[in-house]
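Take a look at these structures.
Look for subunit A in each of the two complexes below; its partner is subunit B in the first and subunit C in the second.
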Partner chain A sequence: VRCQLSPQQRPLQASAVLRRVSDEQKEPLASSSQQQFDSHPTDHQPEQEPQGPRPSYTGQGGQESEDYESEEQLQHRILTAALEFVPEHGWTAEAIAEGAKTLGLSVAAAGMFHSDGSELILHFVSQCNTKLSELLEQEQKLVQLGEAEKKPTDQFLRDAVEARLRMLIPYIEKWPQALSILLLPHNIPSSLNLLTSMIDDIWHYAGDQSTDFNWYTRRAVLTGIYNTTELVMMQDSSPDFEETWRFLENRVADAMNMGNTANQVQSTGEAVVQGLMGAAVTVSNAEISRAVR
Partner chain B sequence: GDIAFRFINYVRSVRERQLQQKLKHHQNLSWQEISESYQEDKSKSLGNSQVVVCDINKEMLKVGKQKAQHLGYSEGLSWVLGNAEELPFDDDKFDVYTIAFGIRNVTRIDLALQEAYRVLKPGGRFLCLEFSHVSNPLLSRLYDLYSFQVIPVLGEVIAGDWKSYQYLVESIRRFPPQEEFKAMIEDAGFLKVDYQNLNSGIVAIHSGFKL
Partner chain C sequence: LPAAGLSLRLCSTRVAPEGVNRPVIERVIRVDHAGEYGANRIYAGQMAVLGRSSVGPIIQQMWNQEKDHLKKFNELMVAYRVRPTVLLPFWNVAGFVLGAGSALLGKKGAMACTVAVEESISDHYNSQIRTLVEEDPEKYKELLEIIKQFRDDEREHHDIGLEHDAEAAPAYSVLKTAIQLGCKAAIFLSERI
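Moving on to the complex of A and B:
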């Protein structure tokens, strides 16, 4: 998180204007720019003391919380808007530029991000993981309230992985591209982090209370299942990805039966998927060997 | 002028690539770029892109125009006489504002930065290429030696003008270092301000966004 000190007041104006522009799309940019110029502070700013960034959730009495938006939040908004353009442009700077346009910003704003689209993908993955957590949380609540049955572990894992993978469906065509970008050296720390915390989440909601060695093996196994199922999904052309879910079911069953099973690699396919798979398996192998050591 | 030419080349290459993709996929790809552009309703080989070259000195503009003609750049370029401290443009007009080795010569740099902020669209990017400070002490000594002993001499021998090159070197020394200039840019209202040193600080590119 970059801490912007002095220019706190101004960007807030800018983002307030942007919000209004995006909310009331009829409003011409001319009037809002006028507003921006008028509110432009003069040279002497005695009251401008260094303040920490004030994101909207700390809001000013709740009403005009929109006025305070940190850079991070604006970046998140741009990335979220950009997702809509991914099927057409892929995970690229073009998609981000289009996203920026829909928010009323110049396409030059895409320059804020890495040119290979890494942040867009990481943002998406992080969003999906959050959605999954919320989903699992809700299910847990229902079980606690007695309104639903507690699922057996294998069913639980299957459903969780399926739910998470289904989030990829709108972007499935460009997902192989995303995977290869996530495996770039400079992205691996972040992508691995996201992956492991997601797997951790799933096990947590599955009711895993282990404090012993099993903690590691469980996570390694599930990571392997998730990665390989994801790759199978890239190749799957069956209606509603039936093949993938069947593959998933088999893998989970195997894992249940064989305790310490490592990866089951299964693939049919073109060179691209082979390469990706090799990389993904290497990554999960590395994780297992680190855990097993 | 030079940046303008490179930008036009870039735009053309992007459009070519896009056209090729269009033919391949039969889709309507809307065109994007992350470089200089000035939005106008003209559809030529540059699409909606335009570059405005602005200088305070009429002679410089003339030289630029000649160069453009010589190199074959005809469309998409406009040449405007103007002062960086008081630009003859409306607010929120440009996607990108670039200034290369020019801001050093502006009397009130803060005014120039404010003007840059004003004419940029929300989301627009400010880019400045300028001489800056060398952090490496050894290189710094060598650079100083070269600057004060060699450059003015060359200036006298080649151009018959010692004073201009003396001025050049001195103005480089007077210009604020990277961090200070970054703070000045932030003061003008830009966010996500960053800089990149080229040749370990002899030249730096500063970038900021109007958000």
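Moving on to the complex of A and C:
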């Protein structure tokens, strides 16, 4: 069934103009990063006139009528579709344009986004992080149900980082380009935010319950491990990235050792201090008893 | 069409426990955790100096209650996945120094410090209670109960301090004002950093 857009009431001015005619194809849900939405994936009467107020971005609850797609949801759909074209076109407006075409939209849809492909990359990273969280959540459920063994911390961290980095494999040729774009000043707040919440998630599922400065130390260390492993992966040409995983294993082991060493240093330090205090007390007692005599 | 100014809301993977206002909760828990941590260190400092004096048992008792408070906030921090303030190591030292320093002024000095700090903390808890009640008393019921209980405990410490001649301490009003100013600054920073 084909529908015509009527000119009145176009809440989505940008996307409405860009939309030629949309077919009633079943679109898979754009991205699973919609955790704050409880509305369903775009229903397939998108051309019916949406009644009601004009939301340009969804609010906290994402409450809209189900046959209505917000601009943000549309953007997510376009970006997800664009990912397929990244290996060929890189993280560029071309890939976004191709993605828009597969959705039946005009290539001018790419004009909604920055020309350097920032949003595409950030969208991809966000999607990967969400997939990782879901994976870790499932693993946690299995352990709680007793169907799986709880992994020791170092193995947990290794597996989590490896799982996350493996998501880059289909795009690995173009990933160095993405990394450099993520370091652009206007992207740093978002990319840093995504990175820190991912690392925090991994530690959360690893069972970290620190409420002191360790909270920061652990996350800083894991961030270092993740970033360096990612860079190694860019230059790794071994089969199935064996070198990378070996590097990862070594770094995680180093981190564990560092923790142990720190504890040892602290206990040694404490023991030394106690020894000195004991000596001081003994000497002062000796002085006192000598003075008394 | 202009591309600038369109920003995708990238969802953090952290799932909020059912519609809790995360920024508010994070601040509340972070600053309260820092406060109880600091209070612990203050009493530790006071005990280090006055532990064997006549007020030792009283200070120990108040310290034990603060330890319970800190334990509770540690649990809440893990449950709500809130990050602790970066300034913890600093409060560690500053709290101990304040406690020990005030105790070196004598028993009344220590009590004056207790009165000042506990008054600041109860006022702070009161304003948090107001904030949470304004937001949604039902949603934050558990948290509100905890904060109310703790506020009552701190008030009690404040009264104990007064009973033990805090007001007779050397330069009481100057000391009190200075300490309360410090507390305000600590609260401001711990909420944000």
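Please note the rule applied: the second predicted complex is superposed on the first by the 193 of 293 C-alpha atoms of A that agree within 3 Å, B and C clash if a C-alpha of one lies under 4 Å from a C-alpha of the other, contacts with A are read in each partner's own complex, and residues count from 1 in each chain.
In the analysis below, a residue touches a chain if its C-beta (ideal position, glycine included) is under 8 Å from a C-beta of that chain, and two chains touch if they have at least 3 such contacts.
Just so it is clear, the structure is predicted and the values come from calculations on it, not from any experiment.
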Subunit B versus subunit C as contact partner of A:F213, first or second or both or neither: second
Touched partner set for A:G111, first subunit B, second subunit C, both or neither: both
Which superposed partner A:H204 touches (first subunit B, second subunit C, both, neither): second
Common ground on subunit A, meaning residues reached by subunit C in one complex and by subunit B in the other: 14, 33-34, 36, 108, 111-112
Contacting residues of subunit A [partner subunit C, same complex]: 14, 33-36, 57, 60-61, 72, 75-76, 79, 108, 111-115, 119, 122-123, 126, 129-130, 132-133, 190, 193-194, 197-198, 200-201, 204, 209, 211-213, 215-216
Complex contacts: residues of subunit B adjacent to subunit A: 27, 29-30, 32-35, 37, 91-92, 95-96, 110, 114, 117-118, 120-125, 186-187, 189-192, 207, 209-211
Sites on subunit C touched by subunit A in the complex: 1, 3-4, 6-15, 19, 33, 73-74, 77-78, 81, 83-84, 86, 88-89
Subunit B-facing residues of subunit A, complex: 2, 4, 6-7, 10-11, 14-15, 17-18, 29-30, 33-34, 36-37, 40, 43, 71, 74, 88-89, 93-94, 97-98, 100, 103-112
